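Shared between the two complexes below is subunit A, which pairs with subunit B and subunit C, respectively.
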Partner chain A sequence: MSRRAEALLALLGVAALVFAAWAAPWLRFVLTVALAKGLAVLGILLLLRAGQVSFGHAMFLALGAYTVAFAAPGVPEALVLLPAAALLAGVAGLLIGLFVVRYRDIFFGMLNLALSMVFYSVLEKFYAVTKGTDGIRVPPLSVAGIEPARETQEWVMFGLALGLALFCAVGVRAYLASPMGQALAGIKTRETRLEFLGVPARRVMLFAYVLSAMMGGAGGALIAMTSRHVTPQLAYWTSSGELIFIGILGGAGSALGPFLGAIAFELVRVYAGAAVADAWQMILGGVLLAVILFAPGGLIGILSRQKRKQA
Partner chain B sequence: MSQPTDVSRRAAVLGAAASGALLWAGDGARAQGPAQKPSELRVGITTFLSGPASVFGVPSRQAAELLVEQINRAGGIGGVPLRAFFVDEAPGADHLVGEYRRLVQNENVQVVFASISSGSCLACTPLSTELRKTTLLWDCGTQRVFEEGKHPYAFRTQGYGTPEILAPLLYLLKTKPDFRSIAVINQDYAWGRDSWELWKAGMDALKPGVRVVAEMFPRFGSTDFSTEITRLLALRPDVVLSTSWGGELVTLVRQAAERRLFERSTFVMPVAEASMQSLGRTMPAGHVIGARGDHWNNHPRPKDPAAMARFVDGYRQRFNEYPIYPCHHMAQAFSALQAAYAKAIQAKSGGWPNDGELADAFRGLTFDTPTSTITLREDGQGLEDQLVGLSSQGERFPFAVPRDMVIFPAAMVSTPVGQKSVDWLKSLKPDILAQMPAPIAG
Partner chain C sequence: MGEWFAENGLLLGLAGLDGLSYAALVFMVAVGLNLVFGVLRIVNVAHGSLFAIGAYTAASIGLFFTSRGLPPAAGYAALLLGAALVGGVLGPLIERVVLRRVYGYEDVLQLLVTFALFMILEDVQKLVWGVQPVFQDSPMKALGTVEVPFGDDTIPFTAYQLFVLPGVAVATLVGLAWFLRRTLTGRVIVAVTTDKEAAMAMGIDATRVTLLTFTFGAALAALGGALASPTTSLVPGIGASTIVLSFAVVATAGLGQIEGAALTSLLIGLGRSAAVYFAPELEVVVPYLIMVAVLLVRPQGLFGVVEARRV
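Now for the complex of A and B:
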């Protein structure tokens, strides 16, 4: 997709989101969570560029969320907690990354999965500290020192998520266009060649891994600040699967894909749940099957093909 | 088929879907009206419709549908017909808080019945305060809700963890006073851990010196308990406590019965009632069983035997099984709803109450259940009696029901307002056993 088309699409998307959030107050919450998940999926997209699928990325999402839950009683300031969560996730990403970027393909995916399940068990079993599966309540937060009313708070969180999403999307686009980003595609096609060029593949991967962990942490922090209740479920493999699902649904072709996918996913889930409360999983599965069968490039693939047709 | 038409058709479908979604979303922008009589009384109900806890969720949904039909046939509440909106709790708390908002802000429900899972309740209750929407905690058991904060719009129309654990403990202390060792085998999640903490606090206060020979928390969703059973057979504890429920409890009882563990140790199972129908004749006799309340099908002296029979028979006729405790908890929530609306409408001399007036009506409300009455305390907690007995197999039911039943008055086994359960249990004195009512043969 051309640069202009992508910018136009982003602008249109922002306008549509703001309109929807204004028209239906309850959608504000759903869309904020969707944007937060989109942020985490954007991180997965980086790894996908290198041909690696992390089946345990919800670990960083949960880490960000639990950072907020644990730190909020002491520092109830959203603008401090958000970077803190991203930073902590980044540090964790660096430590875990040092180990997992040595592996590729199924080994990479499974190691991530294993580590995320370890983290899940820690959250669940250290009952005295984490309150187990019942989870931790996040107290109301202030933003820049002011504690807004509920309505304003929702708008602030929505704005924060939207701003961060745009910022990260632009950043990821620039990163992918840079030599470091191009090297990721090199890992996917043939890693040995990359080494011959004098580019250390592991370091390239590690950089992407840390970035993606930070985005996961920021997404998790946003989820915790919006839903104001965190449970170990966030780190469970099904939430990692959900992130991959969103990635496939949105398509890996553009930095907008994850957000498009996340919004479509949340809306489908909410409306399917509202329409048929006991068969919503089937509808969600049907949508994924339809995307895989008819639009392997995801939603973003449909849109860009459309664009090419017109051009 | 040529490629271009294919694409345009897909685009048309997508476009239609997107605009449809927006239209639907726009629907929610309608302002919430003032307190004028609505054309229907909308009730949002969150329950498990998938996953392991759907063994509670699906029967309770069936009960809710049955009750809504019955109430509507009798003219609704204050002349307004009821309509229930069900929400699946299975995707987890972060999704559920979104669904709660949808129910309140888009479906414009007047009341929300929240949650089987304690995690869901903890997540939804603060929302009830924020959105000023009366919320009935219809089935979750965590003591944390009202002990860790004030929630003016939330009310629990049933008992909770503390009385549900203390009643079987007292029953055990009375009927088997000389036990010396105990083992616990609970599911590894919040309720499993919480209930053991409550039990331990109470037991250490009332009968110090009992040896805990094993604390086992098998993974949530386990299907094989052979290791645990082997260990229990070797350790020979006098008592085995298990607050497990659903399919896991059925599996545990089946596997333990096969290996004759029930002949060596007395089991205490506070949540047994919901699994008795699946177990049928497999359930051994002579073990302490509870029902998270007083609604056993063989309740020895229900307050309104006709109402009890109507509910049980109505449910059986429709769904071909006996109602289990979540069905009764659902009935309690609907009964509370009816009583509160009647009270609020009367207070306004016929006018329709707004959200604040409705919540006020719930405070201190006393409402009937088929078996008894429940009063909501000033902190929102309901006082539900607890019925505990020893399992027995008889002619009347094709599954185990209790005999030698004791009805524990709710006030006796519930933590007083303003105190924390564990601290209160630690302060108990053995003379509480003297207050225990005499058992009824049943």
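Now for the complex of A and C:
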């Protein structure tokens, strides 16, 4: 997709989102959560560029969410908690990354899965600290020192998510176009040759991994602030699967894909859940199968194909 | 040490017995997963659903038999029937209709296709059997309990878990080793696992081998589920927790070795049940800690073979 088309799509998307959030107030919550998830998926997109699937990235999302839940009673300020959550997730990403970037393919995926399951059961089993599966309620937060009313609060969270989403999408786009980002694609095609060129593949991976962990943490923090309740389910392996699902649904070809995918995912989930309470997973699974079989480029792929036909 | 042993010896013995029967079940699932990965090169996330559906089907058939006044021994026929039915119907269905379409695709997409299948099968299971626990233990009751001598004491343990589960697992291990190494069909499967292109050049019908292997793996998972069904009440979510555990086994063992999968199942089964008795909050974590520890030292898994790097 050309640069202009992408910018146009982003602008149209922002306008559509703001309009939807204004026209249907109940959608504001759904869209904020979708944007937050999209942020985490954007991180996964970086690793997908290197051909690696982390089947445990929900741990960073959960880490961000629990950071907010634990720190909120002491520091009820969204603008402090959000960067703090992202930073903590980044540090965790660095420590875990130092270990997992040495592995590729199934081992990379499974190690991430293993570590996320460890985190999940810590959250679930240490009831005294984490309240187990009951989860923790997040108290109302102030933004820049002001404690807004309920509706304003919703708008503020929505705006925060939207702004962060745009910022990160632009950042990721620039990063992927830089030599560091290009090297990621090199890891996917033939890592050995990359090293012959003198590019340290593991360091390239580590950088991407830390970035993706930070985006996961920021997404998780936004989810905790919006839904005001965190549970260990956030870190379960099916949540990680969901994130990859969203990445493929939206399309890995553009930084806008994750957000497009996340919004489609959440909307299908809400509507399918309301229509057939016991079969929404089946419907989502069916959608995923259809996308992979008939549109492997994801939603963004469908859009850009349409564009090319017109031109 | 002696004092600790006098106090906890019995518990240790019980943990050992429990671990053994648990390892048997884990092995049944993990070995099928390993076999399928070898030939299809797909990490089958839906493998856990086959375990769950096998368990539910066997329990339903068993309950039907009991309601018709058949003797408890018929419960064993129900277990086998359930496994054969699920493996024989769902296995070919999944491979023929879905997986066959994505063989040329990227790894990520293949993985996600099985994740989509997992989501669909999870809801199928809820729609068919509901969310209420299903319980059918007549095969286990029929054999009664055995007093296992342990030091000066005895530990009462069900004969089913003591003999049937490990017995079937050992029979599977020996039978599979014989099948893969001594029969033509088995050797053909090994050939396709080792080098698909060369095998096809020799005139092997890889399409047929793939179908056969997948069906076989599915039947093993379903049999594992069927065997597990008398020992526990069946609830939604057993498929999800089984599959992550067998991922851990497969990654710890390294790919391709069935004896390795057996030893690793034993290691992880014993480790987990030791945790159940001595540090319950670590129950879920132990298998993953073992996996992480093993992969730190041996990145290719305990029994995996190092592959040459492609240039």
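Structural remarks
As a working rule, the second predicted complex is superposed on the first by the 311 of 311 C-alpha atoms of A that agree within 3 Å, B and C clash if a C-alpha of one lies under 4 Å from a C-alpha of the other, contacts with A are read in each partner's own complex, and residues count from 1 in each chain.
Note that a residue touches a chain if its C-beta (ideal position, glycine included) is under 8 Å from a C-beta of that chain, and two chains touch if they have at least 3 such contacts.
This one's a predicted model, so the numbers in the text were calculated from it and none came from an experiment.
Of the two partner chains placed by the overlay, only subunit C lies in contact with A:126; subunit B stays clear of it.
Applying the stated contact rule after C-alpha superposition, one finds that A:69 touches neither subunit B nor subunit C. Contacts of A:278 after superposition: both subunit B and subunit C are touched. Within the superposed three-chain model, A:245 lies in touch with subunit C and out of touch with subunit B [touch as defined at top].
Within the superposed three-chain model, A:46 lies out of touch with both subunit B and subunit C [touch as defined at top].
Once chain A of one complex is fitted onto chain A of the other, the partner contacts of A:113 are limited to subunit C, with no touch recorded for subunit B. By the touch criterion stated above, A:289 is placed in contact with subunit C alone, subunit B being left untouched. On subunit A, the surface touched by subunit B in one complex and the surface touched by subunit C in the other have residues 124-125, 278, 280-281 in common. Residues of subunit B that touch subunit A in their complex: 4, 7, 10-11, 14, 21-22, 24-29, 49-50, 58, 85-88, 91-95, 97-99, 101-102, 104-107, 118-119, 122-123, 126, 130-131, 142, 144, 188-190, 193, 220. Looking at the complex, you find that subunit C touches subunit A at residues 37, 43, 45, 98, 101-102, 105-109, 111-113, 115-120, 122-124, 126-127, 240, 244, 247-248, 250-251, 255, 280-285, 288-289, 291-292, 295-296, 299-301, 309-311.
On subunit A, the positions that touch subunit C within their shared complex are 48, 51, 53, 99, 102-103, 105-107, 109-111, 113-115, 117-118, 120-122, 124-126, 190-193, 196, 236-238, 241, 244-245, 248, 278-282, 284-286, 288-289, 292-293, 296.
Against subunit B, the residues of subunit A that register as touching in their complex are 16, 19-20, 23-27, 29-30, 33, 124-125, 127, 131-135, 137, 150, 223, 227-231, 233-234, 266-267, 269-271, 273-274, 277-278, 280-281, 294-295, 302, 305-306, 309.
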